[in-house]
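This is the structure I want to talk about, given as structure tokens.
We call the chains A, B and C, going by the order they appear; numbering starts again at 1 in every chain.
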Amino acid sequence: MGNKIIELKGVTKNFGEQQVLKGIDLNIYENEFLTLLGPSGCGKTTTLRIIAGFDEPSQGQVLFNGIEISKLPPYKREVNTVFQKYALFPFLNVYDNVAFGLNIKKVDKSIIAQKVSKVLKLVGLEGFEKRDVTLLSGGQQQRVAIARALVNEPKVLLLDEPLGALDAKLRKEMQIELKKIQKEVGITFIFVTHDQEEALSMSDTVVVMNEGIIQQIGTPVDIYNEPENRFVADFIGESNIIEAVMLRDCLVQFDGFQFECVDKGFKDEEEVEVVLRPEDIDIVKPENAKITGVVKSLVFKGVHHEIVVQTKYRDYLIHTTDYFEVGLAVGLSFGPEDIHVMYKMDY
Amino acid sequence: MKYFRNLVKPYIIWSFLMIVVPLLLIVLYSVTTGGNSLVNIQFTLDNFGKIAEPIYLAVFIRSFKIGLITVLICFFMGYPLAYMIARFSEKVQSVLILVVTIPMWINMLLRTYAWISLLSDNGIINSFLVSLGFEPVTMMYTDFAVAVGLVCDFLPFMVIPIHTSLSKIDKSLIEAAYDLGANRVQTFFRVVFKLSLPGVINGVIMTFLLAISSFVIPKLLGGGQYMLIGNLIENQFISVGDWNFGSAISLLLAVVILFLIHLMKKMDPDETEEG
Amino acid sequence: MKKSRIFSYIYIGICFAFFYLPILVTMVFSFNSSKSLTKFTGFSLKWYGELLADGEIMKAVYVSVSVAIIATIVSTILGTVTAIGLSKNRKVVKEWILNINNIPIMNPEIVTAIGLMILFSSLKITKGYVTMLLAHIIFCTPYVITSVYPKVRSLDPNLANAAMDLGATPFQALTKVIIPMIKEGIYAGVLLSFTMSFDDFVISYFVTGNGVQNISIIVYNMTKRINPTINALSTIVILVLVITILIVNLVPMMIKKTKEKQRNEKAC
């Protein structure tokens, strides 16, 4: 990874009585595609607004290339934002929207023309210069918003749930497009979303947030495979979360059985939680498994079946391409590497 | 957002000085005696007691009477007008409503002045009557002239809210009523009229309070002796010079009217939704 | 169905006649060659000549126009700035200001008028042009706020942020983004305050003095001696007003039409 470009140190934010950020520490690097992921109200947008300069942190520091900027107004920062509902200026056409920032900076007209046409080409809107922005489709407005921000050549681009207003198909297209643009311009993207799939498919780094606290920072693979706590496991994909006891390194006990696993570093006899991803569980004959139960329901989901197996202690959710009849007695099998042990959360 | 928040500060000071303070002064004057100077004031409720004196009470009764007459005429003239306008296509409706609105923008003095030349003893209407062989009729300086002036001025305030209510009615409700066997008259009274009630209430209260607080029209068309609440207030301030009594009447008028407006807002579902 | 339509036309016609007949009579008789207000004796521009020659009336016209222009400018600026600030304030502050702002709109004019009259006399301000102007600014500003504020409220709050994000200072964000976006509200406020100020009688009547009169006051004082120059004055004032209102109402309709046309062309 490159150099640190933005550092948040102990950032908190209060709105009246309510504390929406409870001490955020985060390093953001050059060239990184970083996603702030979490449910609504988790503080991800506030974090973004503090980086953009629309809100001031109540406590803590924001460093940009090592320099404190938390008191710097937004118009003096080298970051630009793509807003949730795009916030395009409806009284300006596509060209003038994109040229807005350069016009403010009184850049030479011919340079503006060059830069605008270059950036419109980048986002695939060549020939749209004279169009009325209010008459564009959602996807096109989105592209104008990105072009309007990128034309200023920011060091960091902030994107606040930019794909939220698009339909599912367009969303997928834009995800790929955004990733491509980020590679092409080679700057840091900080992306805010509540959609875990979007976060996993686009990011270099995912920051999972909840209730104003960072829950986990890691690569998409880390976050998915090694969730650090129940919240992350639950929020990222579907999962079976089971209360368990860590007997010693590499040995965990739940549902009345002991299982080998690959996790170390917990205290002996520590109460933990175990994540089993639905696609990691195999359905086998009852005699070949420790945990046994009955197929309670089966729903066809296209690529796979979603099966619920009722066992003595709990219902397990399983994704499999095979078909099992409801009522069939089955066993559940999984390997040591499928068991993810997490610290237990305090509730 | 911290930006722009301070832009309201000048107006806070301004509105306090120019809106709140004058109201407080009216309240102060209404509960004191001591003439127009604030030097030797004494608190008293006599100013309000004076309102109950027969000559002044008569003014209040007459104001309410003329207010009610205006409301009734405006309603029976305005409802059909609003209803008929609402049945045209949207484009025609907006033009017709514009035609109704334009008089509201024209100087009231000039419009009232125009009525004088029509209604006066040797005015246009009378000379028309004479030319047809009728006796001329005295219209100026009567209740009739005042009512005509008030209705002409305030009718738009009845028509526009009713039209707004009517045009908002979902056409399928009327079709549903027909479908359920209601005839045109039943549909009108049981569905349309009920749905237009917010507009009716709005219009009734607006015209009523405009009528009882008016003082130009009664003065010009009713003559110098014709007293409504507004004229009484003017008299106290301009000719009699009893500012304390004048303030008491004004305060009472303001309270009644603000109460009526409050009532109207409570009854209008669109208004309460806001904010 | 046909029959009721005809009845509608007749009824609407009668109502409109009731609204407009007095005005039309005034206009017609402003061109009368004699002083009679009942018999039209021939076309003449005599009363317009007398109007221009009447120093007192021309002075009143000057007062009305100049007060309306200054009051409109001041109250539009004050009202717009306040409306923009309002949306950024806490709910309590907002509601208080809006409630106070509503007082002059809802209160009977005569109550506002005497309140100001008492205020000016308590402050020992000599009644005249200045007091009239101040009073007009006071009652026009609330109308500007009520016409601009809904526009401000409907704005995406991120628009100003977007401008600043792109390097605009708060002042530039205001002039280059917010004001262009609420300009319809501002135009409505301008029109409303100009006509309210220009038409005002009640408040001006109570707060003026020292012989300063606007058009309304001079008409009020002249009703006792019927004078066809007033008809000429009326005609001019009404024509100017009606033309302004027609333009104000028709231009947006035409803009909307061309925009729709563009949209349709694009859709094809």
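Brief remarks follow.
The rule is simple: a contact is a pair of C-beta atoms (placed from the backbone, for glycine too) under 8 Å apart; a residue touches a chain by one contact, two chains touch by 3 or more.
None of the values given here were measured: they were computed from a predicted structure.
For subunit A, the chain whose average C-alpha position is most distant is B. Once CA atoms are averaged chain by chain and compared with the all-protein CA average, the nearest chain turns out to be C. Mean C-alpha positions place subunit B and subunit C at a centre distance of 18 Å. Our note on geometry: subunit A versus subunit B, Cα centroid distance of 60 Å, whole angstroms.
Between the Cα centres of subunit A and subunit C there is a gap of 54 Å.
Among the residues of subunit A, those in touch with two or more other chains are 54. Residue positions of subunit C touching 2 or more other chains, listed in rising order: 161, 164, 170.
Contact of a single residue of subunit B with at least two other chains is seen at positions 1-2. Residues of subunit C touching subunit A in their complex: 156, 158-159, 161-170, 172, 176-177, 180-181, 262-263, 266. Chain contact summary for the complex, subunit A toward subunit C: residues 52-54, 73-75, 79-81, 83-85, 87-91, 100-101, 104-105, 132, 135, 148-149, 152. If you check the complex, the residues on subunit B that touch subunit C are 1-12, 14-16, 18-23, 25-26, 29, 36, 38, 77, 80-81, 84-85, 87, 94, 96, 98-100, 102-103, 105-111, 113-118, 120, 122-124, 127, 152, 155-156, 209, 213, 215-216, 220, 230, 233-234, 237-238, 243, 246-247, 250-251, 253-254, 257-258, 261, 275. Within the complex formed with subunit B, the subunit C residues making contact are 8, 11-12, 15-16, 18-23, 25-26, 29, 37-39, 78-79, 81-82, 84-86, 88-89, 93, 95, 97-98, 100-101, 103-104, 106-112, 114-119, 121-122, 134, 138, 141, 145, 157, 160-161, 164, 170, 173-174, 195, 198-199, 201-202, 206, 215-216, 219-220, 223, 226, 230-231, 233-234, 237-238, 241-242, 245, 249, 253.
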